[in-house]
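Consider the two complexes below, in which chain A is the common component and chain B and chain C are the respective partners.
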Partner chain A sequence: MGLLKTNMLIFTLRRFSLFFFTMWLLTILSFSLSFLFPGEQLINLTGEINASPEQLAVLANEYQQQANLLTQYFSYVSHLFHGDMGYSMTSHLPIMTEIINRLPATVELTCVALLVAMFFGIPIGFCAAIYHRKAPDNFILAIAMIGYSIPVFWLGILAILVFSVQLGWLPSAGQISLLFEIKHVTGLQLVDILLSDSEYKWQAFQDATRHLILPVIVVALAPATIFMRLARTAMLEVLDTHYIKAAKAKGLTFSQIIYRHAMRNAVIKVIRDVGLQFAHLITIAMVTEVIFSWPGIGRWLIESIYQRDYTAIQGGLIVLSTFIFIVHIIIDFVYAALNPLAREPNHGT
Partner chain B sequence: MNLIDIRNLSIELQTSTQPILAVDRVNLTMKEGEVRGLVGESGSGKSLLAQAIVGVLDEKWKVDADRFHWRGNDLMRLTPEERKAIISKDVAMIFQEPMACLDPTTTIGEQLEEAVDVEQLTGFFWQKRQQRKLAAINLLHKVGIKQHEMCVKSFPHQLTDALCQRVMIAMALARRPMLLIADEPTAAMESTNQGQIFRLLASLNQLKNMSILLISHDLENVTHWTNAITVMYSGQFVEAGTTEQIFNQPYHPYTRALVDSSPKANRMIPNKSRLMTLPGSIPILQHLPIGCRLGPRCPRAQQKCVHAPKIKNFHGHQVSCHFPLKDSYS
Partner chain C sequence: MARDKIYLEEEFPTPLMQLWHNFKQPPVVMIGFGCFLFLIALALLASVITPYSSVENHLDHLLLPPAWSDEGNVSFLLGTDNLGRDMLSRLMHGTSLTFGLSIIVVMASLVIGVIIGSLSALTSGIKSSILNHFLDVILSIPSLLLAIIIVAILGPGLENTLWAIIMVLIPQFVHITRNAVKEEFAKDYVLASRLDGASSIRILWYSIFPNIIEKLISQATLAQSTAILEIAALGFLGLGAPIPMPEWGAMLANGIDLFYIAPWTVYLPGLAILFSVIATNLVGEGMRHALKVRKEN
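Our next item is the complex of A and B:
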């Protein structure tokens, strides 16, 4: 057991070193952006467009503008560590406040969408593999192809037209109805509602869920179809292995083989690729946030790009990439928890 | 009564162009308590034959036989489900590469427990869990694994190949089979481990009267452990008889060549001389010769050999050849 613990420790340390180096590269990229964007580098970095010459001199001193580039970079990083990303050029609020207000909504939308995509995509993919080259398989593959090819902006607008405007089943914009007043605790709307002691708690919860349904479906559709195909391939691979044949020879029935052996091994293969798909999912979520007026960081970032708010672009870039990377690492840990082979540092015998 | 009696079993590979006859009318009979070797080069269809008996071939293979009797029961008359029920109750199989045959994400203990026969358990469902555990540990003891606690908690990749093969044998024993089919159980194993596995199989045969069908490409090694041997070449039946008959007086030119190619069987040959081999190599499935498939390589081949020979029986020593070597022994 001691060996297992050290293996797990090495695994964790590896992930953290990867995290460290990726963050390092990200900050370099974001720092160099302040030079590449048009205008004064110091103003791009701080976002103080209306500052007087005296204030600018103070800022220049703070960011060590007179020193060499390396020192400038380190003073930028130390500002980042203190949570100071400068001020938004348009709203003149600190970038940090803007992000703290908006990131939770994106986290909520993307995480729910990821779970929904996995929850529906993976079992459907398994079904396709079990009925390999039969009617259900072809049907699922066709659906997956169509789902993957539909552009998200078109799907979003269509969903609003059909379900909100014509049928009137679901709300078309926002995170929650204005009637409800929810105290901002974690920022995650559903969690905040459950934490609040309002007497209309359950109504608020229902309302927030109703607001969540359409955007989640729109965001989850494309990843779900990818998961379907990944799960189908993984299941076919697993069904072709020796241990499935051996399990058959052992006298297990087909459903026993699927539930006890094939599913777990196939899920592991799919989980490994979920992290990669998450970055794709974030991109879709950014477009969806614009369509559904979701108060998330994606919509804010796209607006900042339109308004040439360079400070906001730099900050948003760092925060979104960090979020994607953290999810990546979490999925790596889930993968290691499910797969005993991944916990070993090397595969030599 | 014969344990298993197979007559003219053919296995076809369904391809997009035309079906390929991978195994061509093979016979196999086994008595109860017998250890029979099934010998042939790789690609001679011996693993296919074994998998066809157990019924684990997938849909692209089509199996056909004139007779398939299991302890007097005609299995050809039964539905696939009934056949599977009988076979999985009485026949167990172990494979080469034992590590690949164990689920990599499930512990050995869990895999052993699910192999335990439900009918052997008594009592209520809350007692069964404990009984399953005990049964699994008992199985491990039967195959000579003493550190059962370590073994039960391990994942397959944490054990050696030989240990994994023992675990596979333990799983095979769980249903108390009449027949154990061992498909090259010691391929890619060190010789000490090979010996251990063969000794374990031999003791199971003697103590539990379990019949064993031992599949191997190594005729010389198989002779140490078997009572009878069936030889196959390129999907065709070649020769069958007792181990002594096959090893000392083979009637078929192919078996003769197999025996001659092993250094132990002919100690008389001078040092550093070449061993006897047949010219050429085993034909690929797409270009099988007609008639006797050994024809193009056979030193005794004549025009007649383009027709498949009928099986001749000399006091239980069966050979499929137009020109058997029977008269060359005096």
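Our next item is the complex of A and C:
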């Protein structure tokens, strides 16, 4: 038990050092962006476009503009640590407030989509592996090929046309009908509804779920097809190993082998790659948010480009990337918790 | 019986020939490859074979449906858009923009990425470790987000989009070249030419590149499908090609408002993107399959 704990500790420390290194690079990137964007660096950094010369002088002092670059960078980072990312150039609200208002919607959409993609993609991939080189396998591979080749904005528009306009089954835009008034607690719509004490709670919950279905399907389709392929490859690899042969030789039935031995080991292999797919999923979610008018951070970011809101772009970059890294790390931990080999490399071979 | 070959000659096909031999086996891949060649031909010949120019207005034929519907006109095979521009011509011109430019983008980032990757494979120690981590960070930022940031620096427009996508794709090539070169450097045949006194650059050029080229091509097809989707996505978001250009993504964005009265203005560009990405992916799939077969033998 003691050994296990130290191993887990080393694993945790290694992950965290990587996280800090990553964050360090990210802040450097974002800091250098303020120089690269058109316009004055101080204004790009703070977003104070209407500031008077006196206010600018105060800001310059605050960000230590007269000192060398290193000091400037450190004062920028200390501002970040205090939650100060400057002000949006268009709405003149603090970037932090804007982000806190919008990030939960993106978190909700992407996490639900990730779960949906895994929930459908992985079992279907296993099916394909079990029927390797037979008709179901070819069929699943063909669907997967179409799934990750389809342009997401086109898919979104088609989904709106078919399911909201022609069939009228599902709403096409927004997060919830404006009729419902939900207090902003966590920002995650579904959680907020459950926490609220409104008498129309269940109607609101149903409405929010109906709003969620189409965007989630659009976001989840491409990652789901990638999970299908990953799961198929993983399952094929596992079915080829010696311990499966041993299990067969012992006389276990095929379903016993699949459920007890192969599936668990194959799932672990897939989970290792989920983190990498998450970045891809975020890209898809950004476009989907634009199409479905989803009040998330992706849509806000793309709108800030139209409006040349450079402070918002810097803030959005940091927050979205941090979100991706945190999900990465969580998935790494899940992987390590499920797979002893990842924790104890010394005993693995 | 005539014997063409008197001497039994042993032939050693080059890695590329071996790749082609394995590549052409599955029929689906050959169909994809055929579509890919067709798209290249279309991209090259678009300006010669299109019936109309991409911006020519036919004001008496606005929003004409495709020829197979009752109101269609056979001289506008795929119908016209809201300004009376021929959809077929625009789609064909779009091939040279979306598909053709994606090839150029991938070539450019392939060359830059391979140069940086092979140089970094020759270095070691702290420098290479920092580069490795740096690549990890860049690779984990969503490509569209990076492209958007670069577009924000350079300003919108098709040319800037292309630069942005080139930059976004470079890290992938650096990563794969670096790993492949390192892997090859550890092999015995490299040691043999090193003992013969070959310099690192010479080894890279004559021994290693011929052996990793198929990995690079396979990565290039992956990158190309990303590039097509990204050019189209940025065009659709209004950050890439401006609306009058027949770029598929921009055409789609242009058609959205007319979706309910003229759905073909949205269906057709989307299908064109889907078709070209599937063709590219099939070629890539065949390439990876061929690589796997070669590894197994």
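Please note the rule applied: the second predicted complex is superposed on the first by the 344 of 349 C-alpha atoms of A that agree within 3 Å, B and C clash if a C-alpha of one lies under 4 Å from a C-alpha of the other, contacts with A are read in each partner's own complex, and residues count from 1 in each chain.
Criterion: a residue touches a chain if its C-beta (ideal position, glycine included) is under 8 Å from a C-beta of that chain, and two chains touch if they have at least 3 such contacts.
Bear in mind the structure is a predicted one, so any value in this text is a computation, not a measurement.
Novice: Mind checking the superposed model to see whether chain B and chain C fit together on chain A or clash?
Specialist: In the arrangement built by aligning on chain A, the partners chain C and chain B fit side by side.
Novice: Looking at the overlay, does A:Tyr243 come into contact with chain B only (first), chain C only (second), both, or neither?
Specialist: Once the two structures are laid over each other on A, A:Tyr243 reaches chain B alone.
Novice: Quick one: name whichever of chain B and chain C touches more residues of chain A.
Specialist: In the superposed model, C touches more residues of chain A.
Novice: Contacts for A:Lys134 in the overlay, against chain B (first) and chain C (second): which applies, first, second, both or neither?
Specialist: A:Lys134 sits against neither chain B nor chain C.
Novice: Would you sort A:Leu341 into first (chain B), second (chain C), both or neither based on which partner it touches?
Specialist: Only chain B is touched by A:Leu341; chain C is not.
Novice: For A:Leu33, is the partner it touches chain B (first), chain C (second), both, or none of the two (neither)?
Specialist: After superposing on A, A:Leu33 lies in contact with chain C but is clear of chain B.
Novice: Given the overlay on chain A, how many degrees, to the nearest 10, lie between chain B and chain C at the CA centre of chain A?
Specialist: 80
Novice: So, does A:His92 touch the first partner chain B, the second partner chain C, both, or neither?
Specialist: Touch status of A:His92: no partner.
Novice: Looking at the overlay, what does A:Lys183 touch: chain B (first), chain C (second), both, or neither?
Specialist: neither
Novice: Counting only touches as set out at the top, which of chain B and chain C does A:Arg14 meet: first, second, both, neither?
Specialist: A:Arg14 contacts neither chain B nor chain C.
Novice: So, does A:Ile150 touch the first partner chain B, the second partner chain C, both, or neither?
Specialist: In the superposition, A:Ile150 touches chain C alone.
Novice: Which value, in Å, gives the least CA distance between chain B and chain C in the superposed three-chain arrangement?
Specialist: 12
Novice: Within their complex, state which residues of chain A touch chain C.
Specialist: Of all residues in chain A, those touching chain C are 18, 21-22, 25-26, 33, 36-38, 145-146, 148-154, 157-158, 161, 165, 276, 279-280, 282-283, 286-287, 290, 301-302, 305-306, 308, 310, 313, 317, 320-321, 324-325, 328.
Novice: Mind pulling up the chain C residues that touch chain A in the complex?
Specialist: 133-134, 136-137, 140-145, 148-149, 151-153, 155-156, 225, 229, 232-233, 236-239, 249, 252, 256, 259-260, 263, 266, 269-270, 273-274, 277-278, 281-282, 285
Novice: Report the residues of chain B in contact with chain A in the complex, numbered from low to high.
Specialist: 51, 54, 56, 88-89, 92-93, 95, 97, 100-106, 114-115, 155, 157, 168, 171-172, 175
Novice: Taking the complex as given, what residues does chain A use to touch chain B?
Specialist: Chain A residues touching chain B: 241-243, 245-252, 256, 260-261, 264-265, 268, 338-341, 344.
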